[in-house]
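Let me begin by handing over the structure; questions about it come next.
Note that the chains take the letters A, B, C, D, E and F in the order they are written out, and that residue 1 is the start of every chain.
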Amino acid sequence: MIDSILMFLAEHTAVAALLKLLLLVLGFVMPLASLSTWAERRQSAMMQDRLGPNRANIGPVKLWGILHFVADAIKMMFKEDVVPSKVDRFLFALAPVMAIAPVLITFAVIPFGPDLCVGQVMSVVTDPATCKATIPLQVARMDVGMLFYFALASLAVYGTTLAGWASYNKWSLLGGLRASSQMMSYEVCMGLSLMGAFLVYGSLEPNAIVTAQGSNILHWGIFTQPLAFVLFFTAAIAETKRAPFDLPEGEPELIGYFVEYSGMRFGIFFLAEFIETIFLSAVVATVFLGGWQVPGLDSSGFGSLHLPHLVVVLLQVVAWSLKILMLCWLQLLIRWTLPRFRPDQLMRLGWKQLLPLSLINIIITAAVVLWRSGGK
Amino acid sequence: MAESYTTRLDDALNWARKYSLFTYPFVTACCGMEYMATAASKYDIARFGAEFPRFSPRQADLLFVVGTITERQAPVLHRIWMQMAEPKYVVAFGVCASTGGFYQNYNTVPGCDQVIPVDVYIPGCPPRPEQVLDGLILLQKKIAEATTWVQRRDRKELELAAQSTDGRKRLPVVA
Amino acid sequence: MSVEQATDYGPTLVAILFGIAFSCVFLGLAMFLGPKRENAEKLAPFECGSEPIGSPRVRFSVKFYQVALLFLIFDIEAAFLYPWAAIFRRLSCLGTVIHNECLGTVTAFGFVEMLVFMSTLVVALAYVWRKRAIGWG
Amino acid sequence: MSKADLDKLVAQFPGAVVSSHSNFGDDTAVVTADQLKDVMRYLRDTAGFDFLVNVTAVDYFGREPRFEVVYHLRSMATGNRLRIKVGLHEEEGGPSAEVATVSDLWPTANWQEREAYDMFGIKFTGHPDLRRILMYEEFIGHPLRKDYPKEQRQPLIRRDYSLG
Amino acid sequence: MSTHHAPSTTEASSSTGGKVRGKIGVRVVGRPDSLEQRIYLPEVIRGLGVTAKHFFANLFSRKYTVTVQYPEQKLRYPDRNRGLHRLMLRDDGQVRCVACMLCPTVCPAHCITIVPEETGNGNEKRPRIFEIDELRCVVCGLCVEACPCDAIRMDSGVHAPAVDYRGDAIQTKIDMLKRGTHSVATQGGVGPDWREKQPTVKQYDPPK
Amino acid sequence: MSTTTQSKTGSKKLALGMPTPEEITAGGIPGISARPKLPPDLMAKLNNEELEEVEDIELPTEPMTINMGPSHPATHGTVRIILTIDGETVRDSDVQVGYLHRCFEKEAEAATYTQVFPYTDRLNYVSPLLNNVGFALAVEKLLGIVDRLPERASYIRVIVGEISRITDHLTCLGASAMEVGGFTPFLWMIKVREWLWELLEELTGARLTHSYVRIGGVAQDLPEHFIEKLRAVLEKSVEVLGECESLLVKNRIFRDRMDGVGTISAEDAIAWGWTGPCLRSTGVPYDVRKDHPYLVYDRFEFDVPVGSVGDNYDRVAVRLEEIRQSMRILDQACKQIPAGPVLLDEPRICMPPKNAVYNTIESMIGHFKLIVDGIKVPPGEVYSYTEGGNGELGFYIVSDGSGRPYRCHVRAPSFIHTQALSKLILGAGIADIIPTFGLINMIGGECDR
């Protein structure tokens, strides 16, 4: 029964993609994004010696305040939708879509688990290549996967810039301008800093990168490309406009590029930021932390300890989730620790420090790869 | 039957609203120090889900009028209140915002309710964080019971109340 | 079955449609669910509670556009590096590559080619650096 | 404290100093309005009183001269302090009291003179930007004058919501 | 133009007349700029370490957490805390206030309203109406200081509650008497002194 | 309902003598030459010339006028800055204060000297006790009782004043940190402030608006174990301060935000009338406590921290060091404090002890007279100055012999510092306004009074 369903999915990739997308977005990303709004509040509270939201309850159910984000969501949904009279109505409405849709779409290229061997879910699979049919645990597998990611990520800049411009508000305009300059500057660094990893793993396809890293922790990107890890992580936080790079919002300075947005439209920007955090964690996990790989766990199990295929896959999916959670935590820790950059310092950091460093990283990596490929 | 569903929906909405109060702190004066203290670790207004200060009236639900309102400030306050998205609530934080306190002179507004409708008044000069939290809890209660100014206005209760001679409407003593 | 070279773009299309539909549904819901109570002040832009002076639609600093131009140049140049990175091993090997190891002679062709290409990038960067085009208005 | 400075000032400007005293240890010289600028320039450049601590005014309602503008000076080198006062007449319905600005000698006087103008209606001639500073432009009158009632408000906006 | 003190001298002298005093110790604050700081990362990581330490310590043992869960968990206010007003009682349970009008006189906010009436007992008076508008009270405590017969106090240990009608904030005589206790500050007796030791009379116990 | 005064306002504007171009370019006047108020067309011309000087080739851009405040998160709701910006660079600014003008001076004229204390609390509401002390000293100078103050009262005034100074600096630094994005150190600093407030509440009965000092002394003696508790709190505080420092001054990002921003030279600072930590950041070691010692400040050993550059970083560092120095003073004061009365025994000035009021008719009469008429202060004028949280806090009081001040003027350091703001932010970015404004530490209550 299960096998036949899986077989059907293996054959109809579009249906499978939709299902996986629903599973990924509705089952993982959205809950996680919502939860991370709560996590951010609780985590920042813990860092600041306080408790954080813990009151919202439905009858006796309190759930450590998790319900606060439910309240937030419902409230925003039913909040008045103010569209000031002088805004550009179309662009005003388009901006939140442009902010959230690209991030949701790019999740398609992230592999959240290994290929599922149809028909052998309960048995031990030693070589995945021998499977009759597979369902990749990745919505869309493209050989230009990372390029697709960069293309869409740079679309997200439109969301903020349009929001800033369409609002007919000077503060938001400044926020939008800051956002566009910042995101464009760091886009370049981001692409160039990942180049080293592409050189090492010889592919642009995320799943291929993960597979190439293998279960040996020393082959993971963080050890083969430590400089690139730092550069990319920095650039990517800047790209997602999180503190210390949250200049477009920069509340005490500009109030934010979404000054004029109310209710759910504002909520979407709010949510998009958290989704971007998760997405950034996913990319970092994929390229630098071995994606769904578990140290020492091959497709047959831990060394001589053989495990059924389904268990292996589940373990790997869980490992992937844990890596993402950890990276989200790290980002929140950074957010609540560091002060904000100033625009000119931000540009200086991006163009004059990160960019040259990433160029050097490429050259060194290429040289090493060249030297190593001589091999024996 | 349909009515009971809408009541249920309203209850759910009010529940959500009371636990998700994004505040617009209209901080002008001394009370701002206690506002900080309330937001800080010891009293932690975040426990009630009201820790997000939003400096845009579009995104805020609760206007905290913190401190003295002067004649010069009054139009600003009024504009911000007008620009807030519905539903919106107002808390007068401290005696200056409530009645002007001991500033009765040519440039102070004797209470911000001269300019905007107020749902909850918090006494104290400045109020202790405990009093602020009391005020917040009272506001949450009012939201849940749907007796805030905005909710009563939407039900057109205020016009009726203006005509009747309600026993609750005692005038404050003015010396 | 190995990773096929011919990519199936169907799932990608599904993802794009899903992303757009998802966000539009959200937005649409929000538009209709909230109460509406408009007044002239509410529809005016918010500027810290003051009356706005002048319009935000001004010809603002050219610095912002400079960044956009720089981005265009550098990003396009960087885009050429992606395929190079992906096939770097094949470029630097005069034989077949199996498991990341070259079975033939190693050649520095790909490396040198990249250096030449990248030097244009570096020169451009040095130029804008000197011209102080990097920065903020 | 700086009685010597006071004496020197009197010797330098015999016509300008109307009176002087050192009550409560505060050395004070009352000078005439037309020579104020010269006195102040002398004090700043020659006598070493380079720090203008404070400028304010007092309304002695019903007394002549009605207004007094008070300057407090300090010497950063010696720590000596000096108070200079100028009496200003203003007749009911007549032109407002006038005195030369010192904001070109000390930029710090700029706002303080604006404040005195705002609160008392004293005009500082030559001041680059004599606008109201604490009150709003629509306000009529000068609130710190003794004849301005303390509680006379001039609301810009008002609608009483206190009864619901 | 000015001869202000040079910042580099550690003992700049300034010769004001008047009081004798020692030399001024001047300390120039440093502007450390080590390599470690200049390359961002080490100090950033150290900073993250500090906050992470707080995070884990608070997560597992609430080590640094200082939050008071207010409505459930109430702190006891110090004895001198100025809270809600209360009116003290005589031995016979009557209000101590003799309507001398000192407290409305001294109150800078004019929040006290007293309407006196004759007690019919000699020349003594008592308040017919004694109201305090807590929404105007600035909690300065001058009324307590001014009261010549220890009738009004603010040491009730409770704070004024938040209200939703302006009128609800008015404390009436009955409200304030409910919090009152007997005072020993009778004529000829020894009473509590706001300047000396803490009063030893029975404290009002605020309701839980 | 706006009143119909609009039509009359036009005529009230005075025709002003504009400074001639020679006056502007002569520039012998530090500070004021930097930003003359010119007609807009001339201003625009000047700005464009400036632009051409700075950049070689530049397309003409339109300056944008933008309101920062009154209700902007960084302006604390009490100041409005009208900025003319080009990109993010400030080309011109008009700082407008007065949004919190609560008429302290008018209120003081209507209040007895004792009733003024609650008003002084709300001047610089971050360090109320320093204002209390300042006002009390001014009236005491007028009464001629400064030298007769009980010693214990003077020590208590020093102790509460220094605690207040610490809370003032903590709030200033914390808020500045928050505004550049360091929310965590802000909350930690507020945590420390909370400990100090708890102490002050135990002493005075209120957390923030203490109205504790009285003419001739203080209202109440120290409670039991106050000194021990103070020591314990200071010990804890040092630890937290160290942590905050590691997140702020040692952090490169924070340093970058502060270094070289809002720089002012010592000459300019003096010309602009700056005092306090802001003046000291430029290297001028002027501290009223050292230069004109009052109370018992001449008995303590402490240093005056000064900066060397006069930028925002120096203002941060000076304040941090001042917190340490205040702790040093507190430590010495705790050791030296003698026993004795805390209020002058002078029936015409100070309230008699309560049990005397209850028991003796003379005290009762004196008590009534003091409250109804206020303290009778001999006619005269006095200017008294102390070191407030922000600088020289002066009270200029004119008495006509009655129980209420005839005129009570405050020399508010915030007001004077804020004047220089538009000079400091000229040519800086919008992002620089925030720390500069924050570290000038403009306190609405004090600035607008």
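The working rule: a residue touches a chain if its C-beta (ideal position, glycine included) is under 8 Å from a C-beta of that chain, and two chains touch if they have at least 3 such contacts.
Because the structure is a prediction, the values reported are computed rather than measured.
Common neighbours of chain A and chain E (chains touching each): B, F.
Nearest to the overall CA centre, using the mean of each chain's CA atoms, is chain F. The chain pair with the larger count of C-beta pairs in contact, out of A-B and E-F, is E-F.
Note: centroid distance chain A to chain C, computed from Cα atoms, is 15 Å.
Chain B and chain D have centres, each the mean of its CA atoms, that are 42 Å apart. A straight line joining the Cα centres of chain B and chain F is 30 Å long. Inter-chain centre distance (chain A to chain F, centres taken as mean C-alpha positions): 47 Å.
Of all residues in chain E, those that touch two or more other chains are 1-2, 4-5, 14, 16, 18, 44, 47, 50-51, 65-67, 69, 108, 138-140, 166.
Across the assembly, chain F contributes residues 2, 30, 64, 66, 70-73, 88, 98, 101, 103, 106-107, 118-119, 121, 184, 187-188, 191, 194, 209, 247, 251, 253, 270, 284, 286, 291-292, 429 that each touch 2 or more other chains. Touching two or more other chains at once are residues 40-42, 44, 47, 53, 55-56, 58, 72, 75-76, 80, 83, 85-87, 102, 104-107, 111, 113, 125, 128, 169, 172 of chain B.
If you check the complex, the residues on chain B that touch chain E are 41-44, 47, 95, 98-102, 104, 111, 113, 119-125, 127-135, 137-138, 142, 147, 168-173, 175.
Here chain B touches chain D in the complex through residues 71-72, 74-75, 78, 104-107, 109, 111, 113-118, 149, 152, 158, 161-162, 169, 172, going by the rule given at the top. The touching residues of chain C, counted against chain A in their complex, run 1-3, 5, 7-16, 18-20, 22-24, 26-27, 29-31, 33-38, 42-48, 52, 56-57, 60, 64, 67-68, 70-71, 74-75, 78-79, 81-82, 85-89, 92-93, 97, 100-102, 106, 108, 110-111, 114-115, 118, 121-122, 125, 128-129, 134-136.
Residues of chain C that touch chain F in their complex: 47-54, 56, 58-64, 136-137.
Looking at the complex, you find that chain F touches chain C at residues 58-72, 75, 80, 82, 86-89, 429.
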